[in-house]
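Okay, got some structures for you below.
Both complexes below contain chain A, partnered by chain B and then by chain C.
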Partner chain A sequence: MSKARKIYKTEDGGIVYGVMAEFDTPADLFHAAERVRDAGYSRWDVYSPFPVHGMEEAMGLKNTKLPLLTGIVGLSGAGLGYLFQWWVTTRGYATIVQGKPFDTFQPWVPVTFEIGVLFTAFCALLGMFAFNALPMWYHPLLKKDRFLRVSDDRFVICIEAADPKFDPDRTRELLEKLHGKHFDFVEE
Partner chain B sequence: MSQIASRSSHGHEDHAEPHVAARARLSEAAVRFPGGLGTLSAGLWFVGIVGLIAAAVGAMSTGEHGTAHALAAYHVGFLFALGLSLGCLGLTMILQQFNAGWSAAIRRQAENIASLIPLVFVLFLPIAIMEIAVTHGKLFHWMDTHHTAHDPVIQAKSGYLNVGRWALCAVVFFAVWTFFALKLRGFSIRQDETGDKWLTAKARRMSSYGLLIFALTTAFASFDWLMSMDPHWFSTMFGVYFFAGSMMSCIALIILVLGVLRMKGKLEGVVTADHFHDLGKLLLSFTIFWAYVTFCQYFLIWYSNIPEETAFYNLRSHSGYEVLGVTLTFGHFIIPFVVLLFREVKRNYKLLMAVAAWQLVMHSVDLLFMVRPIVQGVRFGEHVWLDILGLLGPLCIFLGFVAWRVGSAPLVPIKDPRLHEALAHKNYV
Partner chain C sequence: MSAMHPDEITAGRLTGALVPDRPLTMDPQTGDGTLIDDPSKRAPLVLNNRSFHDITEIVCGYCEQRPGGWWLPVFGLVSMLAGIGTLMILYLLVTGVGVWGLNNQVDWAWDITNFVFWIGIGHAGTLISAILCLLKQKWRTSINRAAEAMTIFAVICAGTFPGIHVGRIWMIWMVFPIPNANAIWPNFRSPLLWDVFAVSTYFTVSLLFWYMGMIPDFATLRDRAAMRLKKATGPTVAPFINIRQDQLRAWIYGLLSMGWRFSTRHWQNYEKAYIMLAGVSTPLVLSVHSIVSFDFATSILPGWHTTIFPPYFVAGAIFGGFAMVLGLMIPARELYPNMKELITLRHLENMAKIILVTGSMVGFAYAMEFFIAWYSANSYEADVFMYNRLMPPWFAEMLGLERSAPYWWAYWAMISCNVLSPQLFWMKRFRTSPLWIFIVSMAVTVGMWFERFVIIVTSLHRAFLPGEWGMFFPTAVDIFTFIGTVGIFVTLFMLFLRFLPAFAMSEIKNVMPQASPHPDHH
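Showing the complex of A and B:
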């Protein structure tokens, strides 16, 4: 993100967020997504009233790194839980319980496991929010009345002006070639 | 969404219209294997026979406890084979009962292995005959009524632990398992010819009560043939423990069988990376389940610290057996757990086969850890060759039959009503 983003303005003087196009069927959307992917765009999204199977491949989305992060955080949590119990039972508050030795791993296993699960769950949930940029209170597309039909019977692709390959005319031409309709510039 | 994807120029093959694609993928060459794995099974039988001969030689030549040692080694191999076939029977029933669409592509191998239960009965006979008629309780000490006459614990349990009931139960268990295994496979094979979809419903109905009977018989079989070797000791978790190990090992074996078939160029596009992915998930979950059950059993006994219960672990925490315990903790759980977490390991069938083979070795260590300490007279580490070859004897004979049976029917239930769902199966996560 070090490169300065080129700012485009609409006739009214608003800053362009991106260009959107509508599609009539999920099939058109699917094939348009493949072409946008092949054209090398990276900052764009498709909007559909229902999940379209195979869309992640058509869009060229990579697998999320969240599982790896979750795994690392979960294992660290388990390790911390183990360490904490070791410190409590042998150093901090050594107390004889049922005549068992202080430094014995067996009773620590369930808590280690639980803390591992706890950290994993928190990391998976919060990481999902963070990776999806949630909570998102506002989105420029919501200003477009036509866009609201995307929750009913319309399919939309929006390519953002922040994309390094974005060019108001050429991006629009591409979407036109893909049988897109009702092009519109979206203001931020 | 299939009609969208079929128009796609970049479409993945699995997106293609299901029925058309299925016809191409279910070609005769892909789903039939008349030659079978003949060479492999001959090799396994050879190893098995060598193992049996070695066990017999070991029984006679390694001193006064040689017979007990050889019997224990053989018993480990028998229990391994039993767990594999029982696990496959349980898996078949679960998949039928839950109408699992994805599993139609892999179920035939489970049916094949489950139908070897009569063979496992044959493998059981030497143990039963030796213990009842010849060795009189070298493994099952309670059978030795002469020496246990003054043991109040065993006397109190004699209503259950007596040879008559033990032998009768063994026959009944094997009869019940054989009935279910042959029936379920029979339905499936008949459907290959007739295409009668109601056979699926029949199999499903049979699996419902079958699962209940399977659960009870498996648990009591594990009490009879594994837990009663230490007749003073008891654990209510033991049936679950045996079940967990059996399911884990049978899924590992199915992965190996399907992997070998894929290497031979069979089932291309029928058993896909997505099926291996799901089998890998099952392997992972039963690895975790095994660890959970095993630790629970150990933890409760450790915590309550009652001598009659701790004796079991006391026996296994010195004279070399503690090495097995540590090996199991890391080798059977921690390492495969971390490795199987990775998506690529589950989706690449060759990597998954390596993990499955590793888990089968670990399962044998697990059974050895259960059985071997019973033989008090022979130090652990003495005559290790007898432990290994005695185990390989019955196990390799069983695996030889598994390889021999692979091509005995189409490699997938070709007319199963759920097969199209299985062929279109995709893991989106």
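Showing the complex of A and C:
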């Protein structure tokens, strides 16, 4: 970290994780996200019970590198699968089967394909966890009762205190202007 | 349908304009309101103007509240069948495959028939979750979770049979790619080894796909349990054990949800991962049944040795799988509250149409087998189709032929169930009636079992040399093992409906009209 983070405390003395505000509809959430993005915040997030269409652009998120990683891992898996069959059939213990030559690629296609798919699937799921820093069974937000309703029908924006532009009063004012409701400080 | 603001729905509730538990009104033209023929109008995917919260309540209700009084007797019956099946497998393992009706000529019979039958059932789940996802078919959201669950359970039943059909069960490790005591490896030129890879990959990938889809819904169940826990009382897991049921739910669903917190930064990776899983599952599902068909097609046995097998098997698998999805979901829709609002008549109609299409493809394949048997001028191939499958004895007698097909009834059961019965769905009256769809689905399920029986047993029982001809008759162990796997399948499915989120809540919410961030312009 280049700059020491400024610590904010609530009246009870808890360290502030961020400020959260609720929104009623995906449309309100979407427009609010666009404004928070334009205000230049970087450490903030939008929480919704389902992925709201186009929200990545509204938040100004960059494309994820997950497909690239998964593609590389999937192709490597297929390559390894092919190499394994080649080694077994021509080097490990070459056995004459039906008088066919040892080194033929055609019968190895199905298994090569299946192993490629297997690696891709594992990489997609585990890569998703890794990129999202999951599993994380503890999180300050999950202590908030109002936040738990995101998993049902609420829409929440939370701006973190770790954001360089965070200021308890001004950040709250911004969210207020965007028709946010039920402001609350989230304690770490 | 116009997009309704959640506040409008709440306001409508308060003024009495929208009743939360209104029974569905049936209209002779549009059924429950979804059978709209006008392509300019979009049929609603969820009925009764439900809010997001209603969806959460309905779906979580299935696993949080006790099901009706029917549940325990039905569950008792199917789990008893599962128990019988398990005992039959145990008996087979301690005695040997001689307890089945197999013989030297028909050395694959019900075991592999059941294997292909169950693995085919699974294919509809992947088709709905992966292929319809790539094709952006929004109606899939109502049935994808249940269909994926069905896939997993069907593959479990399928995988049992190749496992137990080997004579020396202690040698089953030889199917895995590890060298044996003489350092010889399995033969990678054999479709049977490809099958091991295909089926195990299919099971693993389907499981990952299913689990990943459930993560947000697990989080919803976790959060609901956590919120209830803060209230003073609630039922405990058992008398005198002071752990509340909601505590258990919060732990288990919490663990499974991996701490999911519905963040958009997470959703972004999640959606990408989901679409990639759908992308690889699509060729995977096509490959699995193609490879299963290679088990037969690469041999030289007449009746097996055909290049049409891969597409024909895949179409048949999707056909049989959709029939099973309908066979499970139509009764569930009647038995569980509000399920008819999520699985509308249009959903059923769509699936009936897929049954009609795939059924006709299968019918085309049956016809093509005959055409090729004649066109190839291969007398063995022609003999198989005429005298192993087609010819009933009374008809042969009428024509003055000396030979007839002993298993003709299996062939004709297959034709009438698979080719003729789905043709009812050309008529709207039949494909929009849940009862008729259920009847046809059951017929198709039976027909698809017979298809595999016809392919496997009738091809084997009369091969090239008349001297080695024989018949196959199932023993009681054969029959009860199969019934047992039906029990295992339904038991697992009922447990799924009881304890896991049976509908993809986050996906259903996403296709509801009020989910659009731009409600004003469509």
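FYI, the second predicted complex is superposed on the first by the 170 of 188 C-alpha atoms of A that agree within 3 Å, B and C clash if a C-alpha of one lies under 4 Å from a C-alpha of the other, contacts with A are read in each partner's own complex, and residues count from 1 in each chain.
Methods note: contacts are C-beta pairs under 8 Å (C-beta built on N, C-alpha and C of every residue); 3 or more make two chains touch, one makes a residue touch a chain.
These numbers were taken from a predicted model, which means no experiment stands behind them.
Between chain B and chain C, the partner in contact with more residues of chain A is C.
Judged by the touch definition given at the top, the superposed model places A:83 against neither chain B nor chain C.
After overlaying the two complexes on the shared chain, residue contacts for A:57 are found with chain B alone; chain C is out of touch. Of the two partner chains placed by the overlay, neither chain B nor chain C lies in contact with A:7.
By the touch criterion defined above, A:67 reaches both chain B and chain C. In the superposition on chain A, A:107 makes contact with both chain B and chain C. Of the two partner chains placed around the shared chain by superposition, chain B and chain C are both touched by A:26. Once chain A of one complex is fitted onto chain A of the other, the partner contacts of A:15 are absent, as it touches neither chain B nor chain C.
Contacts of A:127 after superposition: chain C is touched, whereas chain B is not reached. Judged by the document's definition of touching, chain A residues 26-27, 30, 52-54, 56, 58, 67, 98, 107, 110 lie at the interface with chain B and also at the interface with chain C.
Residues 5-7, 51-53, 56, 177, 179, 183-185, 187-189, 191, 193-194, 197-198, 201, 204-205, 208-209, 211-212, 216, 219-220, 222-224, 226-227, 230, 254-255, 258-273, 276-277, 280-281, 283-284, 287, 291, 294, 505-507, 509-510, 514-519 of chain C touch chain A in their complex. Interface residues of chain A, counted against chain B in their complex, comprise 26-27, 30-31, 34, 52-54, 56-58, 63, 67, 71, 98, 106-107, 109-110.
If you check the complex, the residues on chain B that touch chain A are 1, 3-5, 7-12, 15, 295, 298-299, 302-303, 305, 341, 343, 426, 428. Looking at the complex, you find that chain A touches chain C at residues 24-27, 29-30, 33, 45-56, 58-59, 61, 64, 66-67, 70, 74, 84-85, 88-89, 92-93, 95, 97-98, 100, 107-108, 110-111, 113-115, 117-118, 120-122, 124-125, 127-129, 131-132, 134-139, 141-142, 145, 147-153.
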